[in-house]
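In the two assemblies presented below, subunit A is common to both, partnered first by subunit B and then by subunit C.
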Partner chain A sequence: MATRKRKRPLSFYVLATLLGGYAIFLYAPMACVYVLSFQGPQGGMSFPMVGWSTHWFEVLFQGTGGQGVGDIPAAFRRSIRMAVIVAVLSMIISVAAGMAYRRKFPGANLVFYSAIASMVLPGIFVGFGIALTFNLLGWRVNWFTSGIGAQLTWTLPFGMLIMFIVLGRFNPAYEEAATDLGANARQRFWMVIVPIILPGIIAITMASLTSSYEEIARTQLNVGTGNTMPMEITGLLTAATSPVIFAVGTITTFVSFSLVIASLLVMTRLAKRRSSRTAQ
Partner chain B sequence: MSLIQLKPQTAPAASGKSHLKQATQGHRFDAELVAVTKRYGTGPAAVADISLRIPRGSYCCLLGPSGCGKSTTLRMLAGHEDVSEGAILIHGEEVTHKLPVDRGTSMMFQDYALFPHLSCLDNVAFSLKVRGVATRERRAQARQYLELVQMDHLADRLPNQLSGGQQQRVALARSLITRPKVLLLDEPLSALDPFLRVKMRSELKRIQKELGISFIHVTHSQDEALALSDMIVVMNDAKIMQAAPVREVFETPTNAFVARFLGGQNVLNSNGREVSVRTDRCRLGHATGLRSVEGQIAMIEYQGNIVRITLQTPLGDEMTVLQSDTDYFAQNPQIGDTAMMSWQASDEHILAPT
Partner chain C sequence: MKLSPKAVSLLQIAPMGIIFAAMVLVPLVIIFVVSFLDYDFAQVFPEIYLGSWKDVFTSQLTLNLYETTFKFVAIVWVVTFTLGFSIAYFLVFHVRSMQVRLMLLAAIAIPFWTSGPIRAVAWVPLLGREGLVNQALLGLGIVTEPVSWLMYSEFAILIAYIHLLTMPMVITISNSMMKVPRSIIQAAQDAGASEFQIIREIILPLARPGIAIGTIFVVTAVMGDFFIVKTMSGGQVNTATMAIVTELNAFQYPPAAAKSVLMLAIVLGLVAILLRFADIRKELTK
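Let's turn to the complex of A and B:
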């Protein structure tokens, strides 16, 4: 009975078609963008291709894109610098909050819900509110003060939620066992807790990195002088009239995929390192 | 069965491991609880004013129903739970407020709590690592302890690649490498299947005898406690009902709770007093000079060399008779028969009121 080949039900074909349609909808338009980004120097914003070249990438990197194209490399540097700082801060604060939250303390629920509530606040008003407050206090908005602060209001709730879940399920017996074996608080943290929750820590860092890199609603009023990547691209979309915009799309996708692949590699490396101990 | 039989027969092996033995000083008791109480919040005490002394080199089982305070008692001994009142001594030295690591105790957790990210070897070496012992040295030592529990061939596996029994051995090695004066075990066998449970319990006993330290073992299984213990501590409702050598607890239970919980006894009323009579001293039928009670046979369980017959008395009590198979086949009682159960007055043991 178990060896008889089962006929696939109709629902299989329906769902498979749906998945195929979704994949085409997602990737086909993107493919157009990638192809068009290699348009020849005389080419326009749509098919047909007038020769092939990397002309528009050169234009992009030289920051001489002309009408509507600002200094993309500078914007990228600003964005990635901020994303790295935000990711590291989110990771540290989330882990610390998760550690604190393992014990019940007065007002613990209030902290929890206020953290979660900020996920659903409309980002554009959060950003506006921060800018306004800085203005009222007579401070200048700046990427490393209001800018990072505004982005943390977006990345921290997710990071903290992940850590509350990860550490909420953390078996306290591991720590007791470590105590029993003579580990002090620092050793318990670094030698037992961190290695066990490492996948969660990596997840928070990567998620914060990408959401900071993409954030615009909270960021735009708070970074001060100099645009970030999403701001630059939004401007480009409304103003640019050349295939430079496609080159931006290709590079942005490339960077995103690189990040995803890098984090996957880190994860598999960790998994390998664990199983390689058994190989001896 | 004597304890000597359980010792490893081969002299060289025993002397080869003698360096693992814990040095002993001039104390009489390995562990003492003096009027210890534990309260969580404002409710009734989880452990109420218990005192206990565990002689040197004992295998001691804390036995009792779920929720009676066994784990709490063990965790207070380990230093993982604060004591509300009273004092705790290990090897005659007060440790009530000391850190777990400074007490000379080591605890084996119910679910073993092996660190999932470390190999067996590194799990065992953990306590040496936190003390700053060099890698080679600590791994060499850890390997010796894995040998003691016959797990050296799987030293490089991760815990989730081991069976329950193997994990337990590793957890045992990880505890023993700290050279504890007293090893504390919280229901160490409950996660194992019945076959392994019996195998591991003889292993535990072997290792305890080999090391000569005290093991304090929490269990709710009577069989386990009887098979392992030098000393049994029967607990109920946050208090100690009886703490004595295993034979004393079995033969002369202090009250009906102990008699019933340990099994092997009928608790009945004789001349207005509550008494216990061992089930193997009771018989079916009646003869002059014997005391007896009438009942209906409710159950007959054939167990090979013995047969367990359960009678229901008119008052609704259940009585058990353990018969040899020859007696059983000679009498051939049937379920539903009315029968007499009788015993000698001298086999009665008077119980204290609970």
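Let's turn to the complex of A and C:
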């Protein structure tokens, strides 16, 4: 409780040790994955390292080669294609919904609680329900109908909550000023609201992109033929007994990291541009 | 043509409303309906059959499965809450610079950018028979042969849950703690309150919305999970959700549907209780 006094109480050191221990617990498994993915060709899934190599990455990129390794590159392409479509749809639908919630309208609570339910219900049951519905209607499950629909039930609630955050902090004075200067609704939206909430829009898009890429519980029953990346990895877990699985881990982490860092860079650039404009 | 503001809102919400109706609400109704239908090994018949439901409520197995599930929920909640609250308290009230605080919060979130299946398999080189923990224990002479219950056991499942679910607790609780006015704590200190009294009398009650939302994350994640149970137990532990997934894989839809309805009712009931402690929309905008 050292808000004014400079001397740290004992509890500071106890809690700092706890946080340190937690950090080790948090990072140890992942560190093992990254290090072991560079295991030598003769090495196994545990330490010690038998030399260092990029052998397991080579096995991975040869596609159908190696024991129990499916067609990872094809699964990766499928996942990325779906993630991009889901991200764009989530962005458009969430922004529209966020704008709707700036006024009172009938059914507002119904949609809001559907979103909360969709978020908290275990994914496997939502996925099961969608597959069952398609089954009873005699429709075939397919990645671009039931697959994308199932993923949207996971990304849209978060999109909606992010819109609540950004629009909740939106200062209506800007919009009123634009109206006084004679801006119509379209101009107000594109020239005032969108530039101000742009960081939120990017956050929705990137969050949807990464969560679609990772989603498995809702997707697996609804994607039809052709595995997505997480399904392929789960298949590997039981089949592969070699460090190939760790190579997959290192690469997928690298992909997610690149996505997150790219979006952070875009956001800081936007913030910089804005502050340089307001300074003028 | 000029639309009324209400009509504009309805048009704007329509895409989201239609998707939730078609992909969440209708499927839930379908699950409910199918749970009352007859079936054989290949298909579902449109005839009423109450056997699936009788099974759910009379089977000793169902009871045992829910016992395991709730045991996991209880243990994981106690550990993640204790850890999450302590870490959040440290970050908000002991770390003085905002920059360091945000850096530490980011450091806690970074491991979650690695996909779930990979995070599960990452435990093998640590907890397996030839894993680092066993190597260390053997090396230090604490045990004479490798400890086998570290991996593929209930212990392993709990470790994976705690690893996954402490982060949401830290984030939601520290979010609530950051809104506690420093002046109240200053006043309590001036009145001679100890650190423990301040935590119990001021911070704990004011952090309640964050605790409630973190609890929602933990409870729903553990109750709905089958993946961690499957990978971390090596197929030796069964929970309520695991049993449903097994039936799904065997295409036994009506019994799976009946068990799903019960599970969904329990989860939604728990969430509804927890939401009494936190207004999500207010938490987000303030």
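The rule is short, and it goes like this: the second predicted complex is superposed on the first by the 265 of 280 C-alpha atoms of A that agree within 3 Å, B and C clash if a C-alpha of one lies under 4 Å from a C-alpha of the other, contacts with A are read in each partner's own complex, and residues count from 1 in each chain.
Here, contacts are C-beta pairs under 8 Å (C-beta built on N, C-alpha and C of every residue); 3 or more make two chains touch, one makes a residue touch a chain.
Computed from a predicted model, the values in this text were never measured in an experiment.
A.B. asks: For the three-chain model obtained by superposing on subunit A, do subunit B and subunit C clash or fit?
C.D. replies: Here subunit B and subunit C can both sit on subunit A without a clash.
A.B. asks: Going by the contact rule set out at the top, does A:Ala117 touch subunit B (first), subunit C (second), both, or neither?
C.D. replies: Second partner only.
A.B. asks: Kindly classify A:Ala75 by the partners it touches after superposition: subunit B alone (first), subunit C alone (second), both, or neither?
C.D. replies: So A:Ala75 meets neither subunit B nor subunit C here.
A.B. asks: Using the touch definition from the top, say if A:Ala173 reaches subunit B (first), subunit C (second), both or neither.
C.D. replies: The answer is first: A:Ala173 touches subunit B but not subunit C.
A.B. asks: Which of the two, subunit B or subunit C, is in touch with more residues of subunit A?
C.D. replies: Subunit A has more residues touched by C than by the other partner.
A.B. asks: Measure off the angle at the C-alpha centre of subunit A toward the C-alpha centres of subunit B and subunit C in the combined model, and quote it in steps of 10°.
C.D. replies: Between subunit B and subunit C, as viewed from subunit A: 100 degrees.
A.B. asks: After the superposition on A, what does A:Gly182 contact: first (subunit B), second (subunit C), both or neither?
C.D. replies: first
A.B. asks: A:Met206 contacts which: subunit B (first), subunit C (second), both, neither?
C.D. replies: A:Met206 sits against neither subunit B nor subunit C.
A.B. asks: Check whether A:Leu156 is in contact with subunit B, with subunit C, with both or with neither, and answer first, second, both or neither.
C.D. replies: In the superposition, A:Leu156 contacts subunit C only.
A.B. asks: I'd like to know which partner A:Val192 touches here: subunit B for first, subunit C for second, both or neither.
C.D. replies: first
A.B. asks: Which value in Å is the smallest Cα separation between subunit B and subunit C when the structures are fitted on chain A?
C.D. replies: Subunit B and subunit C, overlaid via chain A, are at closest 13 Å apart by C-alpha.
A.B. asks: Quick one: which bits of subunit B touch subunit A in the complex? Just the residue numbers, please.
C.D. replies: Touching subunit A: residues 78, 80, 99-101, 105-107, 109-111, 113-117, 119, 126-127, 129-131, 156-158, 161, 174-175, 178 of subunit B.
A.B. asks: Give every residue of subunit C touching subunit A within the complex, in rising order.
C.D. replies: 5-6, 8-13, 15-17, 19-28, 30-31, 34, 44, 83, 86-87, 89-91, 93-94, 96, 104, 107-108, 111, 113-126, 128, 130-132, 135, 163, 166, 182, 185-186, 189, 195, 198, 216, 220, 223-227, 231, 241, 244-245, 248, 253, 256-257, 260, 263-264, 267-268, 271, 275, 280-281, 284-286
A.B. asks: Which stretch or stretches of subunit A touch subunit B in the complex?
C.D. replies: Residue list for subunit A touching subunit B: 171, 173-174, 176-184, 187, 191-192, 195-196, 198, 274-275, 277-280.
A.B. asks: Help me check something: in the complex, which residues belonging to subunit A touch subunit C?
C.D. replies: For this pair, the touching residues of subunit A are 1-4, 8-9, 11-12, 15-16, 18-19, 22-23, 25-30, 32-33, 36, 45-47, 92-94, 96-97, 99-108, 110-112, 114-118, 120-126, 128-130, 132-133, 135-136, 149-150, 152-153, 156, 160-161, 164-165, 168-169, 210, 214, 216-217, 221, 229-230, 233-234, 236-237, 245-246, 248-249, 252-253, 256-257, 260.
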